[in-house]
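I'd like to ask you about the structure that follows.
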Amino acid sequence: MAKKKPMKIATIGGGSSYTPELVEGFINRYDELPIKELWLVDIEEGKEKLETVGNLAKRMFKKANLPVEVHLTFDRRKALKDADFVTTQFRVGLLDARAKDERIPLKYGVLGQETNGPGGLFKGLRTIPVILEIVSEMQELCPDAWLVNFTNPAGMVTEAVLRHSDFRKVVGLCNVPIGMEMGIAKLLDVEHSRVRIDFAGLNHMIYGLDIYVDGESVKDEVIELMTDPDNTNFVKNIEGQEWEPAFIRSLNALPCPYHNYYYKRPETLKKTMESAEKEGTRAEVVQRLEKDLFELYKDENLNIRPPQLQERGGAYYSDAAVRLITSIYNDKGDIQPVNTMNNGAIASIPNDSAVEVSSIITKDGPKPITVGDIPIAARGLVQQIKSFERIASEAAVEGSYDKAVLALTINPLVSSDVLAKQIVDEMLEAHKDYLPKFFNR
Amino acid sequence: MAKKKPMKIATIGGGSSYTPELVEGFINRYDELPIKELWLVDIEEGKEKLETVGNLAKRMFKKANLPVEVHLTFDRRKALKDADFVTTQFRVGLLDARAKDERIPLKYGVLGQETNGPGGLFKGLRTIPVILEIVSEMQELCPDAWLVNFTNPAGMVTEAVLRHSDFRKVVGLCNVPIGMEMGIAKLLDVEHSRVRIDFAGLNHMIYGLDIYVDGESVKDEVIELMTDPDNTNFVKNIEGQEWEPAFIRSLNALPCPYHNYYYKRPETLKKTMESAEKEGTRAEVVQRLEKDLFELYKDENLNIRPPQLQERGGAYYSDAAVRLITSIYNDKGDIQPVNTMNNGAIASIPNDSAVEVSSIITKDGPKPITVGDIPIAARGLVQQIKSFERIASEAAVEGSYDKAVLALTINPLVSSDVLAKQIVDEMLEAHKDYLPKFFNR
Amino acid sequence: MAKKKPMKIATIGGGSSYTPELVEGFINRYDELPIKELWLVDIEEGKEKLETVGNLAKRMFKKANLPVEVHLTFDRRKALKDADFVTTQFRVGLLDARAKDERIPLKYGVLGQETNGPGGLFKGLRTIPVILEIVSEMQELCPDAWLVNFTNPAGMVTEAVLRHSDFRKVVGLCNVPIGMEMGIAKLLDVEHSRVRIDFAGLNHMIYGLDIYVDGESVKDEVIELMTDPDNTNFVKNIEGQEWEPAFIRSLNALPCPYHNYYYKRPETLKKTMESAEKEGTRAEVVQRLEKDLFELYKDENLNIRPPQLQERGGAYYSDAAVRLITSIYNDKGDIQPVNTMNNGAIASIPNDSAVEVSSIITKDGPKPITVGDIPIAARGLVQQIKSFERIASEAAVEGSYDKAVLALTINPLVSSDVLAKQIVDEMLEAHKDYLPKFFNR
Amino acid sequence: MAKKKPMKIATIGGGSSYTPELVEGFINRYDELPIKELWLVDIEEGKEKLETVGNLAKRMFKKANLPVEVHLTFDRRKALKDADFVTTQFRVGLLDARAKDERIPLKYGVLGQETNGPGGLFKGLRTIPVILEIVSEMQELCPDAWLVNFTNPAGMVTEAVLRHSDFRKVVGLCNVPIGMEMGIAKLLDVEHSRVRIDFAGLNHMIYGLDIYVDGESVKDEVIELMTDPDNTNFVKNIEGQEWEPAFIRSLNALPCPYHNYYYKRPETLKKTMESAEKEGTRAEVVQRLEKDLFELYKDENLNIRPPQLQERGGAYYSDAAVRLITSIYNDKGDIQPVNTMNNGAIASIPNDSAVEVSSIITKDGPKPITVGDIPIAARGLVQQIKSFERIASEAAVEGSYDKAVLALTINPLVSSDVLAKQIVDEMLEAHKDYLPKFFNR
């Protein structure tokens, strides 16, 4: 029943191009979330970006006329000390590493993507040891703070924290659910605020089990619209929703865009190969976009989030983070989809594993709403990705070559022990500098 | 506590080339299993084969000097009346249908196989309604009899009986576990009888969780041998065991030969395409083998199971059946791997689903031995195939096009709603005559 | 997305003395819950009471200046037709039956109480068949309506509806949780609205697993206060909270007042016997109270809920009902403790059983918030009462003497097959008129 | 695949009056179980008994003409060193402590018994720390040995080892299941070897879920006989089986004699009080019996187990132990009821808790046969005793007064926090010398 104290936020990876959205989020919700200090932490190699973004942040708060102090630092411990919330948005190895995650698998006829398949595995191997370090520092320096993670692969990272530390104040976030809600709002031509979806599954493998407008289920209508051959606009415009009518009717749930990798594996592989050929992988595209963005950010007259940031991808991530922090801080009891401990919400997933599921957000953290179970047809894939996440987490923590090969072999985008071994061999070498557990033993 | 009465066995699909092995099994175990009547049932189109096989069976019992009556009939109800055990080994659509199951998927770059992927789906769609008819007749004509099914896909068929009937006296059988035991015996150069494996998983997706010789675990030694680069003989000789050492060490369980389809998907697809090209699909090969076999069977001087039957594939199936029947009949309490209701044996599979698991065989049927759970790395794939089996069973029972497409989409050999639809469309048409639920509505 | 239509409420047992509280609730929340028709249904024997209460209800709505029509009827089907919500507060056999429920067990040295032990069993046996009739009529006459049940034993009744009908729009209610919150508010001297408790368990066997003020856990402080020997006021004033400090500290949860029957069995039995001796059983006391209340209700000048109703017991029941209806109607998404299907909320209770648990209230009904599990020490008792409820429900539905004896034998207030049989024999005879399933066969 | 080496058995509490039965068991099964050394360990206070029993053992092996060395020692570590099997049959505080366990609760109107209620709690508090010491020594001195425990309370002890150590080679034993089989054999007038019961539950709370003769279920006949009013002989003769017909028919399972404490609580309490009054508590009776037994044992001409030992109670305990050891040693794969880790056998008990359940006995230990679940009516009581066992184990390990009070409060023989506290206070004092965790802190 303590009086609310002035808040301190620490953002690891603060030099990220996303930061202006985060700052905008804090500005928009300042009434409910009166933060006092925002600490942007980054590594020395990112000094220039950190300063560029940090100065923009300062200009934004100033323009909004809010007394928020922005601190820039390379000293993570200083930033964590007594923080109330810690957000993580760092990228080990930067976009160069992502480019490798995307490029290398394609050589083996396997999808190259940031959070799925080999790319997801190696992003996890690079990221998990760092997250566990942060968690350990938090336990020492700010044990009551919440860790709001949106560093990918957010599901695997949350699983790793739950299984390989005794820290429990962790929430993983994604912008996919919010995007699905907005897609439905658009499809039905209603305001976003009137749409609610019962979400359940894993990060980047989430299903909408029911869909409501003003509390009434509209799932049947949505599925009808999604399978209407005349509804060509919708089919063309909403990425990842061009599902075979027979499939979507019998699945009877709303897949997420990442389901394309699993329910349209060969087609998506082909598309990815073509666009990697034509315009480069996504990392390569983003590298170009980011260069332009940082040019913009440097403009001393800029004091708002520039609209061009939307094109970067990842829109609404930071908004989701600020929305979550606000609800925890104010014990709001509203419903948000987050990555948290299952605790019985989904029957076929162990209670102590991470799931992404609609939860009540309280000061005591997210409390999942019971789902019962996801549809029979979806259980296998979800369990398979969960198995992958668990084995991959173990590989990351132990620096285990064998488990890295096992994780890739059971990944449904690979399904080959021979390819798994070859890909692991090449990618280990490529990411050597960021995998001390595997090399410095 | 009733006195044991003379036994009647009914074998559906009695004209099969396998029958001599079955007869041999009955002969070998006659001391323990004094059958009085063996009823071989088949359809009129199979008249010639039925008579050929039936006559051979009669000669075999005569040569063995056993008073067993062999009855040949097209009247299934007559055969079922008061039977003690019913075995099923029929094939809806015969080997022609199997050839289509194997050929058509290859056109779409998808594995063509009898019990996996599209072939498994369509074999299930053709078989399940017939099995449910048989079950319904058994409930009327021989309610105390056990149904010993070795018609494939045996896992899906068992699942269908458990979920879509209230008949519980069903056991599904396979020769894969016995083959794995024999492979281990050979690898370790010990007698088969000294080897025991803790089996758990699904039909054609079974894992050896531990391996014993004389009751002592030898799993570590086996895995070492399997991953020994110098043990080339083994690697060359035992089909499906040439696993990447890193994979097999971290899986820490013995996969079955069918795991090649899932842990070596691209490689096995390639091999299957090549051999379909070169020597025809397996069905096409078997059609030739069977022709020769039936020529042999016709020889009036033949009164034993001819050794050539071994090459047909499916060896030990019938032996497994007779071994099971003997243990049920005599309440033996020995351990056999069978397809039965899970009942808690495997934690991550619903209690009321079919699993293939080491079980105690009693007069009251098989009682699974608790496993706890299969390894984390294996749970996803197992649950995925279980999801596939359940959706496929529903499709079969309901004649549902949508569910057939869904089942194929979630099958890890397909993973594409687009391909699933195309394959279902072509295969439905190809098997039209054997899918009345889909066409006569 | 349909427009909200004018609402019709049907209240079964409308002639109850509680009705004025219900009416007051509708008046207080009229802004959010614009009911148009309130149908009070009762049986012909209750004609006088129904009219007395009905007239008071009309005067109350009139005084509040609200255009709500009050209909009085003996025709339940007419009341149910197109209703939006159905509330049940009837009492089969009236207070006379309750007096027998309380008196007879005492003769056998067993606690006599309305919802626990033999009284709870027989109240269930009388009530469940009627509830199932109502449910069946609702499925015909108002299939979209919600059944808000506060007829006791509310947990057993909810279990019976979930297991013995296919109707799912049922919620059971109790005033115990709200009472616990108010007790805590008083203990801590904060406003009720600032207190939140994580409730989990069964009806009349609910535990407060955590306690928050403004979202921060205060459980440790509460337990300290509850075990403080100097805090005599609290100990004296809050019924059922005088727990042994060692017990409550290690239980580490807040029991409810009904836990006295199970954690202070001999003491509570003794107290109940003494007060039955001195002032009569609770039913006998209430009968006197009700007589006075109905005198009051007849006063044509009375147009509010008279304050004397509070002493009747059962305060806040009706308020809980109106609060629930309001949240369902408006898709509020607030948290309320209700009896609903477990669905994974409590790990050690089957997913398809009824539990009482904090739930999010939506237009689609209550969705339990995951609990994980109740404390180890509480699981046994909770499972025992759940077993009792399930066997008792089956006894009620089947009219099974054997199951009635079994239910009482396993009830922890009885624990004797000999006493169970004797009590069942005497109580069956005593309640003969209200147990057609047991006698008219 | 190692060659069988000569066996060493260590028996803790070797000076017990039971030992001659154990020795007889080793003699009878010597062909299968060629033990070389039997080490009888006891405490110095028990020197005389140890020598008496040890000398009898030597005479018995000599008479049987078997080359088994009997070693007597107070040095437990020496006895454990390189042992193959360790059996435990010690009694902390001897029969004096048991007499207190039986006497003290009666003063509070609570059942006094060795393994149930307060007596069971305090026997556990005295025994568990010693067992955990032994386990720890075994991990050092004979890590491959199996611990075969028949020190009571065997269920709680097994639970404690599973939860409070990482030692897994423990099995708990009881003679109740074998007694139930023999009772059924007698009732049906068939040989014991033809009877099989599917056992499931907890130690001293085990149910026979099905009953077979020659593999055919005879449960219905047994229940009919048990509820036949004319079958007075049976009812009179088989202790604990005089159940109310209505109860036993609807329970539809065979309870064990200890169920009298829970399903006939008041009657059994009364009987116990009367016989404590008349002939002393059971401990007091046994003390007299043991005195006579040890006189017999001293007779240098005695070289067999004297028939009088049967009256001591506990018959077949040692036989069960030798039967178990023989099956482990020989990897027999036969079915025996033992206390072991649940592992999914009983659905409503956590997988990692101890249960008593029919299991396959292999060299790798017992593997439970799946039960599915115990009957609904039994789940609550079983879970309640399991909760009691878990809290009591924690109390024992932590020396926690609060948890001791909690354990007794939730025990269905107490059900009162007030009595629980009073009984704990008096019994702690009475057993002070054997509860160092509670006093030496």
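A, B, C and D are the chain letters, set down in written order, and residue numbers restart from 1 in every chain.
Heads up, the rule we're going with is that a contact is a pair of C-beta atoms (placed from the backbone, for glycine too) under 8 Å apart; a residue touches a chain by one contact, two chains touch by 3 or more.
Quick caveat, the model's predicted, so the values are computed rather than measured.
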item	value
Relative to chain A, chain with the most remote C-alpha centre	D
Distance between chain centroids, defined by C-alpha means - chain A, chain C (Å)	44
Euclidean distance of C-alpha centroids - chain B vs chain C, Å	55
Junction residues of chain B - those touching two or more other chains	none
Complete list of chain pairs which touch one another	A-B, A-C, B-D, C-D
Chain B residues within the chain A interface of the complex	109, 243-244, 246-251, 262-267, 348, 376-381, 383-388, 390-391, 400-403, 405-407, 409-410, 412, 415-421, 424
Footprint of chain B on chain D - complex, ascending	1-2, 190, 196, 210, 212-218, 330-331, 333-335, 342-347, 351, 360, 362-364, 367-373
